[in-house]
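Here's a structure for you.
In order of appearance the chains are A, B, C and D, and numbering begins at 1 in each one.
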Amino acid sequence: MTLSTRFAPLCVLGLAAAVSGCSRPRIEAPVADAAAAITIREGLTTVAAGAGGGAGEAQVSGTGWGGLKGRFVFAGDPGQPKPLVVDKDTEVCGKMSKLFDQSLRVDTSSKGLADVVVFVRKSSRVKNPVPTTPVVFDQRNCEFLTPVLVARVGQPIDVRNSDTVGHNTNIDGTSFNQLIPAGQGTTYTAAGEMGMPRPATCNIHPWMKAYMIFRKDGYVAVSSADGSFEIPDLPAGEPLEFQVWHARSTGSGGGLVLEQPELKWNPKGRFTLTLQADEIKDLGVLDVPASAIGT
Amino acid sequence: MFKRIGGIFWALLFLAVPVLGVATFAISPFYDHWLPKDVSTHGAAIDSLFYFILVLTGVVFVVTEFLLFWFMWKYDRNNQEGHATYIQGSHTLEVVWTIIPAATLVFLAIYQMNAWADVKMRRPSMAPTVEVIARQFEWRLRYPGRDGTLGTADDLFVVNDLHLPVDEDVLIQLKSMDVLHSFFLPNLRIKQDAVPGMKIPVWFKAREVGQFDIVCAELCGWGHYKMKGRVTFESRPEFESWLERKYAEQQATQPPAEADVAAE
Amino acid sequence: MTPPTTAVTPAVDHGHAAPHAHGHAQGGLSHFLSTYVFSKDHKVIGLQFLFSTLLWFLVGGLLALAVRWQVAWPWSDVPVLGKLFAQEGGQMSPEFYTMLFTMHASVMIFLVIIPILAGAFGNFLIPLMIGADDMAFPTLNMLSYWFMWPAFICFGASFFVEGGAASGGWTSYPTLSTNPASSPASSMGQTLWLLGLTFVGVSSMLGSVNYMTTIILMRAPGMTMFRLPMTIWGMFITAILQAFALPVLTAAGFMQLSDRMLGTGFFSPEGNVINNAIAGAGGGQPLLWQHLFWFYSHPAVYIMILPAMGMVSDILTVFARKPLFGYRPMVYSIAGIAGLGFIVWGHHMFMSGMNPALGITFMVSTMMIALPSAVKTFNWLGTLWGGRIQFTTAMLFALSFVSMFIIGGLSGIFMAATPVDIFIHDTYFIVAHFHYVLFAGTAMGVFAGIYFWFPKMFGRTMNEFWGKVHFFLTFIFLNGTFFTMHILGAVGFPRRLADAYHYETFHHLQPMNAFMTWCAIGMVATQVIFAANFIYSMFWGPRAGRNPWNANTLEWIAPSPPGHGNFDFQPVVHRGPYEYSVPGVEKDHLMQTDPPNQAAAAAAAAAH
Amino acid sequence: MRQSSPSHRFVAAIIAIVTVAAVGCGKTPPASFRLNMVQATKATVPESGLEKPWASWSRERQQQVATILEAMFGTPDEPVALPETGLDLAKLQLAAGPVRSDIVGRKNGLYREHCAHCHGISGDGMGPTAAFLNPYPRDYRQGKFKFKSTWRDAKPTHDDLVRLLHEGVIGTSMPSFALLPPAQVDALAEYVKYLSMRGEAEIALFTYAEQELGADEALPTTKEFLVDEVLTPIAEKWQGAADARIPVAAIPAGVDFNLPGNDLANRDSVARGKALFLGDGGCVKCHGVTALGDGQANDYDDWNKAIVAVSAEVAVGLLSSKEAATGGMSSDALADHRARSAWLDSFAHVLEGDALRPRTIPPRNLRIGHYRGGRRPIDLYRRLYTGINGAPMPGVGPSGPGGKGSVADEEIWHLVNYIRSLPYEMDGELGADRPMVAKDRF
């Protein structure tokens, strides 16, 4: 049938065209198991019953207070910090000193890794009340002066702008995105608890970026320039899960993953310890492998 | 005889065309499948013209279709003996059926010009009552506001909900923000494309109060069907008060203005 | 009933370039390619056109069904297509709907009707009916077909690009079509659409040049212009129309392309922002496109009907066994249509914002163009009068063409009357009008042509019984679908709306639309019968002789199917094409080639 | 008429085949909510020390979330509103499901008739039309809404949503639905809340899984967890919206919005507003001195920003995993490496299909006179007071009750006055006392 075969391709094209449309390539998403859903729903609509929820509250136990300290040392080569692209308000920004990418600060002599955040995920007791003295979050020369700001929930934050240009400070996940005119400031009271540090940025000067973490208990420490950190007054006698975080870490959710078998450091960048009363546990030098820090 | 039946069958099939055709047009008005209610002053002229042409074409339609049927019935090969009549044509007939339609058509052409001129050419000399700005996919309306001039700070902005005074000449300035649209008021026998870059005047006078559809009649993109508006004709005082209310709403400076949103 | 067939001549069996017979047997691939694929034989090219266009006819029909589905049951789960929108619960998206009707129109007009008339029938019939052995420019002829393929590919592929195929309506009015951001398919789809259009244009242009030359220069001895069958006259005038109108469209197409791709601003005004995207330099005028587009597309309307009129005239005479009533008036009216066809384009733009005074001018010219059409109709009726009508399938389709063309023609007068047009412009009234002209008219004419010339194309006749079933159902369903559209139009129901029922004015029209959709489904389903009949008869139908219908025109003296070079002897023409039932002549028709002595004898007989 | 029987058989056969084929193509499956695949993939990052390959358990976890969501919220055809959500099921049913009219002729399936083709069945802002609109349709699943009367991070009130549906959002593809019956608009607003809560719950579940669960642990399905811990906090924010309205300061003297900006009565106020615009308001930083919105154009809104960030992560990850030398790896390490790169690959694929090409958000041109959140003074006041949630636009008012804004509350009215006068300002000059005519931009 040469006649019909001759037009086969056209036939295919035509029919295919007829039953086709514009649709983006999408991978198939998992769908619900209807039966299971119904049973679960029954559980939800009936009166509460049975064992506690997933995030079980840490049970109160033990007395006294301990502490945790250590020092992060970067094993790899940090390289030279990259200069930032300053394309706005150049008459002010970067005038005092040239602006560099500060997301990985390693002390040249001691190799200490700064800005590592260590905090307790759950605890039952708190020694000190929430301080009323505000923590200062200032900006000058178009960069934030506090790379990582720690505050307790309810503690006032004094957001300042010591620059001669206006900035806005946009704290991710909060209601705070306010314009701070030159030389002025405002106060923000840390509202909700943050599970992980969140970025604070300035939309006017996109290169400006710092991090904030608000915790109820305030068991947070940020490693200093030489990489050392200390969390005092931790509740003793109860298992404490510590989260270690760094802005550039490759671990999931920013968790910093170290090879520390004895601490059972897990892929989320966490380890668990139970402190004795009046014990200041020293983790010593913690080597941060180059692989743990991303670009 | 079977063969003859074939011819009869086909002839009747073709007879069904004029019969059912006329029937359809005769019945549908009773089921409201007909020209929508006309509330404009000029609409009557258009409608009567429509009916005139309908009757005219209707007659031609019935006659020609019936002739067709009749010839099929009568000159079925199985119904006639011998050869077909040998005719090359007829000069007289040709002349006749050229002249008569020609005359009719020319008459028609002249007869309708006035109606056309009324709707599209004899523009009332007045300032625009409202500016209608078509946009994908809604009708943005701009009233001149208190100072009576468009494009000033006190213009009143409304969406889709056009209000106009009844029994008055209304002049609309029609514009488009993006693509072609067409401002179609079925109940006022008004249709005018909105062309980007052009300001096109549209005028009419409503005879009755009431609410009617504004339809977009020119393909304007994927949301063409969405472009529904509503025109409300009301008495001058009601119109004024509506304007005032809208204006107050537009100047709202305090939350309570929220209340009447859901109410509308 | 099938008319008696004359004895099968050997020429039938051994016709070499017979499109279907024995081709694959000998010669291998190169032979196959040269004979069937890249053939320069006008018959093969004609059939290539026929098959391609019929397949696109199917595509267009399916598109139409999808459109009708949405119109009748908006946002409901679409059968088959629904799978594309599984995420949206099977309901088609509005831009998909706009794409559907745009491509339905584009495919039907540019890939079906125009090429099937000029391309398929023109190619196949012109040389045969004027007694030539082939076209004047065979290579050009071959190119005219192969230039359709880029068009096929552009149109076909555009369904698969991001945003889908063109969805600016088949008229693709700016700025919807010029600003890529204005609608999803306005990006790649529209560009492909324009390219496809250009290729169709090139193809038509090559064809028309060829037809004009062939008809003027290659007529057989004795074949004067006024001995040409109406079919040829139709083709001839069509060719002229195309040759003069097409360049304008092509130019306009390129202008739109450059608006889209080079950022010129022929059609978009200053600072025209759509979907937050500025397109082009601006300073243009959207109406310019409409003028250019309709300057071609109105004559195109006649390009889409004149050949069909010609074919119908011939078929009517054959099966009425009677000379065509008023041959010359028929010719003059075709010419008149062609002439006036160039000065009526403005009647598409009465509502466009064009100066209303101009509207009056176009209204008058438009009224005038109704005249020749009327004359033709009356002449067809005259032809039937006193005839001896055989109700073959071909004849039935031809008759329905007349019947339906009356409706299509008369409904046109409503649109021509500018004040009435204010109300029915862009409503279903116009949709009804052009479907009566193009489907109920041209398509029926095409079917008539296929049933009539099928024996000449394949040497076999199509099955009459199924042919009549096909005709009957098509006739019923098409009226069910299209006649009701007039009523919708009278209500003001706008075309191209994905869902009009949320308007108070129209929400009661859904049942009627549902009825129309069922009819449409029936109509498309009916074509399956045709397809089946076609394929079957092509290979296993009863063999036809040279002149199965006892017709007069030249193609019927050639073998069926004609071999390479068409005629096994040089035909000499002695008379016009419509010498049926000549008084005193034994057989009821005198072929154009029959020697005159018979006629003389006839005259003598008449004298007694 | 002579009939050749083989032809009958042939034709009949063809007809039969076609009929079968036509009938054979069944109906489409009922619509289902699509999982937030970006979140889902993000939350199921492979971890070392797995006995099962990560792909299988990540799939299981995603499937479990889908099931839980169906338990809590039902399906697009049969929505479920747990009492804690405070949603009106009757309204939801009016808006949900396929488009149809019920026995009393009431229109159902409103959402799919009016909204779904842009905002998507799941409210993910990814309907079939979405990709071609600029700006993109809103993705409700983040629970962020721009134009509202409440504090920046608070939910919009029901009235806010209704008003938006009424007015549409000029300058975007969001049309006005003013002509829908109030009941229908009401139902749609309710359904938007429903989709938003569902999306937020989905994100919460995935975040919890990512933060708290090990690879092989399953999410708890108890009421304590799903309702008290996941749903209630979200629902409370929605229910508390009405109380989270920002205060509106009294209009200071010298501000009369009934008069054009250049009217003597307003001149001082507008001048003051201009000063704020250029000074403490900081507006000039992004909207530019000319207020043409040319200050800054390279920033993203939160929705796009999230995609930009995660795409960058994935791109970098893919690069490094390609570069990584697998030579010296232990079998476990190699397995981990493989799992991770496989995950990155699938993530890249997800981003292709489940995220739209990120687009920057330019500051508004304030001289066109299009105000997306509404043109009433009160609307502009609110935009200025809290800024625009989800967009870079910061607020000049305080960030919460008792806070201190960079511009005093009543001062904001001057800013509003100035902004309202901008489209009508001639050559940037104030002071002409004749009414000013806007350039034809509308």
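To be clear about the criterion, a contact is a pair of C-beta atoms (placed from the backbone, for glycine too) under 8 Å apart; a residue touches a chain by one contact, two chains touch by 3 or more.
Being a predicted model, the structure only gives us computed values, none of them experimental.
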Quiz item: In terms of CA centroid distance, which chain is the most far removed from chain B?
Solution: A
Quiz prompt | Chain occupying the most central position, where position means C-alpha average | solution = D
Quiz item: C-D or A-D: which has the larger count of contacting C-beta pairs?
Solution: A-D
Quiz prompt | Approximate Å spacing (C-alpha centroids) for the pair chain A, chain C | solution = 68
Exercise. State, to the nearest whole Å, the distance from the C-alpha centre of chain C to the C-alpha centre of chain D.
Key: 49
Practice problem: Just give me the whole-number Å value for how far the CA centre of chain A lies from that of chain D. | Solution: 24
Quiz prompt | Inter-centroid spacing, chain B versus chain A (mean Cα positions, whole Å) | solution = 64
Self-check item: Sequence positions of chain A contacting 2 or more other chains
Solution: 22-24, 26
Exercise. For chain D, write out the residues touching at least two other chains, lowest number first.
Key: 1, 34, 128-129, 131, 173
Self-check item: chain C residues counted as touching two or more neighbouring chains
Solution: 1, 80, 85, 87, 93-96, 162-163, 183-184, 275, 499, 535
Quiz item: If you look only at chain D, which of its residues touch chain A in the complex?
Solution: 32, 34-35, 37, 40, 45, 47-48, 59, 62-63, 66-72, 75, 80, 82, 128, 131, 151-154, 207-208, 210-213, 219-229, 279-282, 285-286, 296, 298-299, 316, 320, 346, 349-350, 352-354, 386-387, 392-396, 398-400, 403-406
Self-check item: In the complex, chain D residues that touch chain B
Solution: 1, 114, 129, 149, 159, 162-163, 166-168, 170, 173, 175-176, 178-179, 182, 185-186, 245, 248, 251, 257-262, 375-378, 381, 413, 420-421, 424, 435-438, 440, 442
Quiz item: For chain A, which residues are in contact with chain D within the complex?
Solution: 22-27, 29-34, 36-41, 43-46, 48-55, 88, 166, 168-170, 174-181, 184, 186-189, 191, 195, 203-204, 206, 252-253, 267-268, 294-295
Quiz item: Can you list the residues on chain B that touch chain C in the complex?
Solution: 3, 6-7, 10, 13-14, 17, 20-21, 24-25, 28, 32-36, 45-46, 49-50, 53-54, 56-57, 60-61, 64-65, 67-68, 71-72, 75-77, 80, 83-90, 93-94, 97-98, 101-102, 105-106, 108-109, 112-113, 115-117, 119-121, 136, 177-180, 182, 184, 186-187, 189-198, 200, 212-213, 215-226, 228
Quiz item: What does chain B use to touch chain D in their complex?
Solution: 6, 131, 133, 135-138, 140, 142, 147, 149, 151-154, 157, 159-161, 175, 177, 222-223, 226-230, 249-255, 257-258, 261-264
